[in-house]
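The following blocks contain the structures, represented as C-alpha cells.
The two complexes that follow have subunit A in common; it is paired with subunit B in the first and with subunit C in the second.
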Partner chain A sequence: MSARDAIEIDPPYDFPGYKSTALRAPKQPLIRVAPHPLEIAGPAFSRSFAKESEADLTTWGKSAPLGEKMILVGRVLDEDGKPVRNSLLELWQCNASGRYAHPVDQHNAPLDPNFLGQGKVLTGDNGEYRFVTIKPGAYPWRNHPWAWRPAHIHLSLFGNAYAQRIITQMFFPADPLLPIDPIFNSVPDPEARQRMVCKLDLEQGIEEEALGYRFDIVLRGAKSTPTGV
Partner chain B sequence: MGKFVPTPSCTVGPFFPAHYFGPNDNDLTVTSNAAGASSKRAQGTKIYIAGTIYEADRVPRWNSIVEFWQADASGHFAHPNDPESSKADPDFMGWGRRASEDDGYYDFITVKPGGYKDPLTGLVRAPHINVSIMGSGLMRRLVTTFFFPDEPANAGDPVFNAIPDAKVRERIILKPAKFPRAPADALCYRLDIVLQGEDETPFFLD
Partner chain C sequence: MGNRTPSQTIGPFFHVGLKWEDGEKVQFAGTGERVVLTGCVYDGGGTAIADALVETWQADPSGKVPGAGAAVRAYGYSRAMTGSDGRYTIETLMPGACTGAGGEKYAPQINVTIFARGLLKAVRTRVFLAAADATRDDPLARAAGARAGTLIASQDAKDRSVWRWDVRLQGKDETAFIDF
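Now for the complex of A and B:
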C-alpha cells in the first residue's frame, strides 16, 4: 500500500477556498483501474533536455537580476528513500517584485529584463539537484479580497515512472502569508503542508553572496498503488 | 508503506512558462527539438489528434497544459521498465506537451501506438495514449487514456474496461475527423476533453 492511500496528502480537486476549482474539478469520482499503476514506463529525458546553464536563472540576462540571490539544493527520493536519478525537474517562478515573465500575468509590478524565471535540471546519481536563482516576491491574485500568494517556487517533476509525475510548489519558512494562502492550505494534513516548505541551509549558499535553502522532494514509489480513496 | 511520505501536489497555476514548449513539443514524430537528439522521423502511421478542452458549462478552457505519453508504433517504450525496451524506436520518445489555445483547442502529431502485453500484469493493452491535463484551478493533474476506434483489443483492455458504463467508454474513443491544420499525410482524429459537466471525460486514479 502506498503512503498516499494511508493519509490524504494531495489537495482535493474541488476546494472552495480556491474558487476556480469549482469550474474544473470533475463531478464524477476518479476511476480506479487496478491496484497497480496505469502505466509503468515513463518518459526518459536525455541530458540534452537540460543544459548545465539552465540550472542558473541568474545568468540569463545581460547582468544579474534584481533580488535576493539564493541557492536551492535538494534531493529527489522515492518512498523507500531511494534516489530518483536522471529525472527531469523543471522550475519556474516570478521575479523579486512578484511578476512572472508570462503574457498572462497582469500584475502591476515591474518585469526584470534580466530574469526569465525558468530553469531545468536532470537529477544526479544521488537524486540531487542544485539551482541558482533569486527569491521570488509575493504577489496579489483575484481569488478573494486581499488575496496575496506567499513567495513560492513552482516545480514539475517526471520521476522515473508515469505514476511519479508531480507538479508542486515550494514555500519559504516563517512566511506570514502562509496561514492565509488557500493553495498552501488546500493540502489537508498540516504535517504534509510543512513538507512543501524549504529549510534555510546557509552553508549551501555562497558566503557574502547568496543564501542557501534545502528542499527534498519525495515521489511515490515507481510500483506504488494509485492515489486517492 | 514506504519510510518516506510523498510531497503533496499543488496546482500548476496560470504561469507555466510558454517558453518551455519548443515549437515542436506537440509533434512526437520528431525529437530534433532536443539538442543533440535525432532529427529522423518516427516509424509508424502518422496521426493527428485535436480537440477542445472544456470546463463547466461547456466553456472552452484556454491555457491548460496537456501531455501525451505513449508506446511507439510497435508497442515499446524506451524505458527500463519495458523488458523489450531494446526494440523501441530510437527516433521516438513518446512524450509531448502543449498548452490549449484561447479557444480551448489542442493538437498533437504522433504515430499510432502499438498494443503490448503489460509486463506487470501480463494483460494485453490495446493501442492507447496516456493523457495528462494540468492547469490553474486543477489541484493536481487529471489523467485519462485515449483509445482507437474499431480496435478489437479494446474489448480486453483493463483500463478501458475499468469504466463500467459503455456510454462513458465512448468518450475516450478517438473519432475520425478532418482538420484544416493537420499535416496532409496524417490520419486525423478528434477528441474533446470535458473537465466537468455533461459528457464529462472519465478520469483515472493514477
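Now for the complex of A and C:
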C-alpha cells in the first residue's frame, strides 16, 4: 500500500450527493499500471503562451468590472515541498453576481460586459503566481432544492509532469454555503477539504483598492504513484 | 506527504475559460504521418456527453517525448471539447512506438485525460493507434486483459488516416481507465 492509499485525498467518482456522478462515475476498478514515459514527463508551454494581461481579469473590458476587487497569490508545490516552476495555471470563474460569461449558464443574474472570467499564468521560479480579479458570487444550481454553490474559482494546473495534471476549485474562508455544498464535501477528509479554502492575506492586497488572498496548491510528488515508481 | 490539494469537477462552464486557439490540432517540431483521432464520449445511459474536455499527450513520430520548442503551445499536447453530439476530434501525427526505462515495449498510443461535469476527478487512459495484435506486449494491454479492446481505436476502412475511438464512462463496454 502506497502513501497515497493511506489517506484518500481526491473525491470518489461515485458521490450520490452530486447527482451528475450517477451516470458518469466509472464502476469498474481502475487498472494500475507503471507510468508510461510520457506520463512522468510533461508538456512544455512557452512563457508567451500566457500573456501578462491574462493575469489581470479586471482589465479585460473597457472599464473595471463590478464587484470586490481581489489579488490572489500563491505557490504551486509538489508533495515533497518542491516548487513547481514554469507551469501553466489557468483560472475561470463567474462574475460578482454569480453569472458565467458562458452560453449554457441560465442563471437570472446580470452579465458584466467588463468581465469574461478567464485568466492564465505560468508559475515563477519559486512556483509562485499572482492574479488580479474580482470575488465571484455564489450561484444556484439544480442539484437539489435550494442548492447554491459557494463562491469559488476554478483552477486548472499542469504541473511539471502529466501525472500532476489536475483541475480543482478554490473556496473562500467562512463561507456559510461550504458545509452544505456536495462538491466541496465530496472530498472525504475534512483536512483535505480545508486545503481548498484560501486565506485572507491583507498585505498581498492593494491599500484602499483590493483585498489579498493566498492559495497554495500542492500537486502529486514525483514518487507518489500507486506503483511506487 | 498526503498534503495534496484535492481534485474537483470541471463543472459545466469551462468552455470559455479553457479555450485554446486550435487546441485540437497537435503541434510537433517535425513532420510525420497525419492522423485524426475522433469519437464520442458517452455516459452510463448511452447519452452523448456534451460537456467533456478531452486532452491528449503523446510521443512524436519517432517515439520520443516532445520537448520544448519554438511553438507557443506545448508540442504533443491537445485539448478538445466535445460538441452537442458528444464528439471530440483531434488532428495529430502518428505517435511512434517507444520503450520504457525497464525495457517495456509500448505500442503506438496516445495518453488521454478526460474532465467533465459529474467527474469529481479526471479519468485517464491510453488509446492504441494500432491493430490489436500489435498491442499484445504493451504493458497496459496486458494489464487490461479482456478490457484492452476498449482502448483500441479502429482505423476507418475508407480513409486510413482516421482512427475512431469512443469512450464509455460507465456501463456495458465501459472504457478501461487507469491509475499510474
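Quick notes
One rule holds in what follows: the second predicted complex is superposed on the first by the 217 of 229 C-alpha atoms of A that agree within 3 Å, B and C clash if a C-alpha of one lies under 4 Å from a C-alpha of the other, contacts with A are read in each partner's own complex, and residues count from 1 in each chain.
Just so we're on the same page, a contact is a pair of C-beta atoms (placed from the backbone, for glycine too) under 8 Å apart; a residue touches a chain by one contact, two chains touch by 3 or more.
Bear in mind the structure is a predicted one, so any value in this text is a computation, not a measurement.
Superposition model on subunit A: subunit B and subunit C are shown in a clashing arrangement. In the superposition on chain A, contact of A:187 is made with both subunit B and subunit C.
With both structures placed on the common chain, the touch criterion links A:51 to subunit B but leaves subunit C unconnected.
With both structures placed on the common chain, the touch criterion links A:219 to subunit B and to subunit C.
When both complexes are overlaid on chain A, the residue A:104 reaches subunit B and subunit C alike.
Looking at the shared chain after the overlay, A:35 reaches subunit C, while subunit B stays out of its contact range.
Contacts of A:115 after superposition on the shared chain: neither subunit B nor subunit C is touched. Of the two partner chains placed by the overlay, subunit B and subunit C both lie in contact with A:166. Note: residues 3-4, 6-7, 9-13, 15, 18, 20-28, 30-34, 36-39, 41-46, 48-49, 79-80, 90, 92, 94, 100-105, 116-118, 154, 156, 162-163, 165-169, 183, 186-187, 192-193, 195-196, 217-221, 224, 226-227 of subunit A belong to the subunit B contact set and to the subunit C contact set alike, using the contact criterion stated above.
Residues 3-4, 6-7, 9-13, 15, 18, 20-28, 30-39, 41-46, 48-49, 79-80, 90-94, 100-105, 116-118, 154, 156, 162-163, 165-169, 183-184, 186-187, 192-193, 195-196, 217-221, 224-227 of subunit A are the ones that touch subunit C when the two sit in their complex. Within the complex, the subunit C residues that touch subunit A are 1-19, 43-45, 47, 49, 51, 55, 57-59, 65-69, 71-77, 98, 100-102, 104, 106, 109, 111, 113, 115-123, 126, 139-140, 143-144, 147, 169-171, 174-180. Within the complex, the subunit B residues that touch subunit A are 1-20, 34-37, 55-57, 59, 61, 63, 69, 71, 77-79, 81-82, 85, 93-95, 118-121, 130, 132, 134-143, 145, 158-159, 162-163, 195-197, 200-206. The residues of subunit A lying in touch with subunit B in their complex are 1-4, 6-7, 9-13, 15, 18-28, 30-34, 36-46, 48-49, 51, 77-81, 90, 92, 94, 100-105, 116-118, 120, 154, 156, 161-163, 165-169, 183, 186-187, 192-193, 195-196, 217-224, 226-228.
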